[in-house]
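One chain, chain A, appears in both complexes that follow, with chain B as partner in the first and chain C in the second.
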Partner chain A sequence: MSNHGRRAVAGAAVAAGLVLLAGCGDSSPLDTWNPKGVDAQKIHDLQWWVFAIAGIVGIVVFAVVAVAVVKFRDRGDDRVPKQVHGAPKLEVAWTIAPAVLLAGIAVPTLAAVFDLTKQDDPGFEITVIGQQWWWEYQYRGSYNGQSLDGIVTSGEMVIPAGVRVPLRTTSRDVIHSWWVPALNGKRDAVPNRFHDWNIQAFEPGDYLGWCTEFCGLSHANMRAHAVALTPENFVAWAKNQQKPAAKPTDPTALQGMGVFAAQCARCHTVKGLTQTVKDPTTGAETEQPVIAAPDQQLVSGAAPSLTHLMSRTSFAGAKYDLKKPGCTNDSAYDQAYVTGTAGNCLNRADLESWLRNAPEMKPMYAQLNDDKKYRGMPALGLSEQQIDLLVAYLVTLK
Partner chain B sequence: MFTTGFKLYGVLALVGLLAAFVQTLSVTDEFVGIWVYLGLTAAAGLVGGMVVYYRDAGTGTLVARQLRPVEAESVTANAPAVTPSTWPLIGALGVGITAVGLVENPFITTIGLAVVAGTIVEWMVQGWSDRATADCRYNAGLRGRILHPLEFPVLGALVAGFVIYAFSRIMLAINVTVALVLFCVVGAVILVVAAALARLKELSRPVLIGVSVIGVGLFVAAAATGIALGPVEHETDFVGNQRAVAMKANTFGTVTMTGSELPTLTVPKGTEIGILVVNDSPEPSKLVVKGRRVVTDAAGNAQLVVEEFASGELAKDKTGYVVFRMPRASDDKDFKYTYEQQVEGKAVAAGLIVVPS
Partner chain C sequence: MAIVEKPPTPLELAPAPVVVPRQAFGLYKRPVSTTGWKSWLFTVDHKKLGIMYGVAAFVFFIIGGIEALLIRLQLARPNGTILSAQTYNELFTTHATTMVFLFVMPMGAAFWNYFIPLQIGARDVAFPRINALGFWLFLFGGLFFYLSLFLGGLPDCGWFCYAPNSGAVFSPTNGVDFWAIALQITGIASLTGSINIIVTVLNMRAPGMTLMKLPIFTWMVLVVQFLLVFAIPVISVALFLLMFQRVFGATFFDAAAGADPLLWQHLFWIFGHPEVYILILPSFGIVSEILPVFSRKPLFGYPFVVFSGAAIGFMGWGVWAHHMFASGLGPVSVAVFSATTMFIAVPTGVKIINWIATMWGGKIRFTTAMLFSIGLIVEFTIGGLSGVTHAIAPSDWQQTDTYHIVAHFHYVLFGGAVFGIFAGFYYWWPKMFGRLLDEKLGKWNFWLMVLGVNLTFAPMHISGLAGQSRRNYIIDDVQGPWVTSMNLIATIGAFVLAVGVLIFIINVVKTSRGPRNAPLDPWDARTYEWMTTSPPKEHNFDSIPPVHSIDEFFHRKYAEDHDTGEIRKVATAEEIMAEQEANADKHIHLPSPSYWPIVLASGVPVIGLGLIFSVPLAIVGGVIVLLGAYGWALEPSVADDTDFDPPAGGPSKELSTVG
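Our next item is the complex of A and B:
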């Protein structure tokens, strides 16, 4: 072999080696070869079977091509190869063999598809709603005697570990696709339709997901978390989620609540948030609940509920961490979902930047459209003092 | 004997006669149409007879007859070969259909006019191409180059439309079980016949044409029978509109009306919710959902509007559907959503709809 040839072979070997080494990375939360739930395991088992068959077929095809290339290469003597017209045995063989192979793939594939679609009944279900560019989760039913009705979260779906939870995906604007690869396959979220799906995690943990249907400018930033808690912690989490937000006692936070009611509550809901309303005729002052009206502000008609913001670990469509990295790796990880993030764990820098100018942190069409509505959170033009007051209020929402 | 002109008027007369016959069978107290058709027949027959008598006023034959044999041969050899034409027949059919449509139905008139328009185009191009050169084959190719891009898509669409229509008539005329058996048997027969034909060493043209004609004939006969029988009443208990199939496939939940209190429904805001409704009470009932929506008027003032979404009225054990959308989370004041079972417009049972924020 010439020097040139040897260099080419060496280069190819190095490239192939690098590709193989890339598979050794352990920091790959979207890895489809690392199932952590019963449905993902089914997909994984099927995947191995199909890859094995496809691999054997590939090797055989490459081998036959290689043999043909070498054996029947042009030897320069211009001989016409032996001409064959029809070979019934061969033709029957290469018709039956692919049919058998395809049947070998089709039967377990169909079985897996039907298995994945079947739903269990743990007593509750979660509606997964996509909108540009975040996910909302609404709970219905009860678990271990604890009612889950009315619980609404965003960015992070919380489930009890070991329980196969039925899901229904839909969308409020364009088509999205909900996917947490460690726990199950993808399911499209289509406006005005409900698609059934499931999720189950063997062990407690935080499983990353992503929107996998291109849905506009910030599609790449539309992440999702599925957080599996122990059954006990899940019940405690649900109890906490059903409580309204307590009125802060700290004067700064109280001022922040006023800023929130004036600026943020047009779209964001905080259950329990009230404001003083003066009757114009009698002059009497009463506390009235503040009702968000995202249907008049946003194209999707919805904004994340912030009632228990600090019980999550991310914000802005799960793009940014709400906690500092050290706080998510401690042994009491589950507790964050039950009691909420402590003030000293807050990722204050990103949260303040978000409040300062959200479209700068995450691309959005945050200008009024022809219907006078926004697509995503606009820059509110808050002063630094208002931002500080808001953060003081937000950390109380546990 | 059958000159071009005679073909045109002869068929027109036949169509008129046929239409008069059909009209006689279908009408008992109105005879104007019959006289119109008979008049058409008489007029077309008279003109047809005249054009036969005068040989379409053509001179070619007379000229050839008066020439010496050698000259006549030369005239025939140099004259462009004219393709035997069926367009007069089809044109006459179109005119006849148009006339029938004018009496019976505008849709038939449209079909007749379309046939006439097609005939005009085809006949003109054929007449032109027949005289383009003395070479028939070249002339035929010339015609094909101009008309095939038009003919093939139109014919393809017509055939596809006919096949779809015919299948739909056949399937509507039979129930589900018969359809399953029929199509399995027909499929098997086609497979067997095709396999038998494939095994023949030589497939003669008459056999192929014969099999095709029998197949198409049976298909057309089945479609005609299906049209004559009309659709059977398929078993269904679903009362809804044309979106029934899509709605049934996208149900958010089911509500059974029993005349007593309805359960609380929890639904997400801002998405279309489809509820399957079953009436389990003896009275014909409907389910009415009462929503709220804020609309902004021209002056920019927001106003609260009450919206009602209702299923159709359902007899006992019938199933229907109601679709609604709640744009805003519910509360205890302005946005308190409810739904109720109504009998003759009066609420007999009610429930709450919760839309979490």
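Our next item is the complex of A and C:
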């Protein structure tokens, strides 16, 4: 029976009270009844008929109540109802029957719990790290000969389509929960703990997710994406991610790089970023790598790595799009992952607003706490010129 | 202190000399007012305390309801701007905390404080001053909670306040401290009250009332008290650990120090799951009383309903981690708790079937109380069935922390617990206040609430399965049209519900202006508490009628032929009351009012404020508590007879102040 056919049966069965969703296709990107990965499919295969049984039981109960209140209402006559105190044999039967039904449901349920927990080993794994209010993804291993070691990205987790990827989920501060409904259930991200589970997408695409464990002020703004690329595109993506950021040639972008090194690099890492340092005694100038120190600035100790910012399609904890709405067709989309969001596709307005005053765009703790640390990105007080320079630099981070 | 009455003895004995205890220092006279505000402030009468519990709980219901309406206004449209993120997070925290701890639990206490002694033939509870202490601690705890609004901000961590978010680093303001201490204070009220009720029910029943002849409401409440006795200490421990961390720098939940944050979740939910049965069982008890009366048939399968209640209470301890399926427990834990959660549906299902079997073959009168009871059966079934779908752990990995769960618990809490409470209002109002609530307004109340509950919470099943997660201060267009449209409908439904509640308030006000002319037995009821006047006299019963069967009152009015199941009327309620009055006990001693419960209770929030702001203040609070305890221990056990001003016309046994 097709998914649609199953859903129709289930929908009819729960109509009377458990009104069931009918989220059709991609208009409901978070639809939990539209599996697009093998784990979500297994959950769906288990749950739809349980919902159907629940719906049927509900309808039967309502029908019996309806019959009772109509048939046995007081019609103003002299009838005296028989004072029945109980029927023990019947009561035992209707205690045992639901228990047997539930036992029948329990068996495939418990089997599914263990099945979904088993992990595959495709040669690599992704550590999913939550912090207030964004997700970081760290890769380890290799795929199709391409090393993934050292790849650190945020906002979107990129995976090869068709591969069941082992995940380890943890947190740097409070409890979060990573959830992309189309691909799997959710798993909490807890500090001091690593939770092993899996993610897999049947087809290439962008799958939307959300943090689903209340994690403070901007919990509502902590989104996640799982982006599945074709195996070839994934290898190309990984190859690009391994490269450090190239030093820009454009003079405006070079000035922007200076602003970045002075302002943003306190927290944000860009691999390969260097700045000219003059030795005070000899006067010699050398290029020194710029090391970000988010542990000194942020309670969580980390800020998103921006080395390949333009290879992503969202920013600010995936709340804002890096690309304009017009640039969402498939080939332009995949291109962004492989070669970076093109200049004409860039959502300059939101990016500039973010640089101008990030806490206005997303509620965060912009004031230093008692330990002189932030939770989230503060408003930096940049001038419009500095913002223009910065954007010119950021677009080079492909 | 209560004095247990002995049944009148047939022997002719000279009355024992009355012993007058010596006054201690003359400072500890007990208060003696029977009218005015003093008679409420220092009362130990379970009926007055029940009414005060009810009024306070209802006020908190309105507050929690307004918080809900604000939340719904914010979520009516995508990217709402009515509430900031901070305010929204505060409101969903206070809404849930208020509804669970300051409305449903105390409203249950209102009903069981008022009616347990009446249902078992006692003149008060075993420890009346502890009863009063419980009320004042609840009230002061609730006020303390809302004091946070003026002293640093409401708590914003959610009603479950998970660690590490509850720690000082992530919740630097005082909101969490107020939350934790307020719950600690109300927890003392629940714990002392539970011991009180257990002792009362086990020791102070009328002659002949064996446990299997207890009215079913009393049985369900007895199970609730045992749940409280074991559950409240767990949350108390969790709250102590949290307060030690926040106030004194302990590291119980501090991940940086190596703690496992899941510890808080386990402690909270080991309390939290029995808590939900604490919330629902009193309402189950209420409708178990009402359905037989308005079906004119006894409760079907009384022993099974009793045992299923006890089974729910017992099995409720084995399911807590179903709140934690996605929290990182291993597959064995998840599988075990998934199975136990499925099986706890069995005793609840038994109740639903037994209730329907009670109505089946009956002669149903659709009073408002009966409508709410039937409504509970239907709405709770919806909530219970969606609950069974959550028990399937892999499915819950999708559903947990979405609005599908919000839909479930609002159906069982509003459609279950609150409907039971409203049924109890309409059923017992004439007994408590001597006036019948208007039935026409009652029907409007009921139908608007049914429409409101379904319009508000049914769409959440859909929006949850469409992926709307919980505790988000905004919804967004990107979540899709099912999320946005269902939220708009839910907001409309919430206001329909509000109108329904408003109609109830209008009904109460209108009724209070009418004459106090309710008959003794307006519903032709079945249980013991109806063998009192409306409202009951201060001492409840002139004499304690002995018990020969379940539904003792019914069997005094009707003779039942057990073979044919036919009944024949043999006495009216008035005749039964006249017989009781004719056999009135000669000496009825009631527990005297006391200053000390409210004095002692007032010191506790001062300790709380001291823990938050200044340790010397905590010491002051401690001294008040200590003085209150000394006063309590040293006051005379009864007020001296010469302290009373007898009412003009001589001593009277009539209650003059309730209502």
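Everything that follows uses one rule, which is that the second predicted complex is superposed on the first by the 362 of 398 C-alpha atoms of A that agree within 3 Å, B and C clash if a C-alpha of one lies under 4 Å from a C-alpha of the other, contacts with A are read in each partner's own complex, and residues count from 1 in each chain.
In the analysis below, contacts are C-beta pairs under 8 Å (C-beta built on N, C-alpha and C of every residue); 3 or more make two chains touch, one makes a residue touch a chain.
A quick note: this is a predicted structure, and the numbers were derived from the prediction, not measured.
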Checklist entry - Overlaying the two complexes on chain A, which is it for chain B and chain C: clash or fit? => result fit
Checklist entry - More residues of chain A are touched by which chain, chain B or chain C? => result C
Next on the checklist: After the superposition on A, what does A:A262 contact: first (chain B), second (chain C), both or neither?
Outcome noted: neither
Checklist entry - Which partner does A:R193 contact after superposing on A: first (chain B), second (chain C), both, neither? => result both
Checklist entry - After lining up the shared chain so the two structures overlap, which partner does A:A349 touch, if you call chain B first and chain C second: first, second, both or neither? => result neither
Next on the checklist: Going by the contact rule set out at the top, does A:Q138 touch chain B (first), chain C (second), both, or neither?
Outcome noted: first
Checklist entry - When the two structures are overlaid on chain A, which partner does A:I151 contact: first (chain B), second (chain C), both, or neither? => result first
Item to check | Which superposed partner A:I105 touches (first chain B, second chain C, both, neither) | outcome: second
Item to check | chain B versus chain C as contact partner of A:A93, first or second or both or neither | outcome: neither
Checklist entry - Touching A:K82 in the superposition: chain B (first), chain C (second), both, neither? => result second
Checklist outcome for this item: For chain B relative to chain C post-fit, closest CA-CA distance rounded to the angstrom comes to 5
Item to check | Footprint overlap on chain A, comparing chain B with chain C | outcome: 191-193
Checklist entry - In their complex, what parts of chain C are in touch with chain A? => result 84-86, 89, 157-158, 162-165, 169-170, 172, 255-256, 258-262, 295-298, 300-304, 326-328, 330-331, 334-335, 338-339, 342-343, 345-347, 349-350, 352-354, 356-357, 359-366, 374, 377-378, 381-382, 385-386, 388-389, 392-402, 454, 458-459, 461-463, 465-474, 478-483, 560, 564-567
Checklist outcome for this item: Within the complex, chain A is touched by chain B residues 250-252, 266, 268-272, 294, 296, 302, 327-329, 331, 335, 354, 356-357
Checklist outcome for this item: Residue positions on chain A within touch of chain B in the complex are 127, 129, 136, 138, 140, 149-152, 168, 170-172, 191-194, 269, 271, 289, 291-296, 300-302, 305
Checklist entry - For chain A, which residues are in contact with chain C within the complex? => result 17-23, 27-33, 40, 42-43, 46-47, 50-51, 54-55, 57-58, 61-62, 64-65, 68-69, 72-74, 79-88, 91, 94-95, 98-99, 102, 105-106, 109-110, 112-114, 116-117, 132, 169, 173-175, 177, 179, 181, 184-188, 190-193, 195, 208, 210-220, 299, 363, 369-371, 375
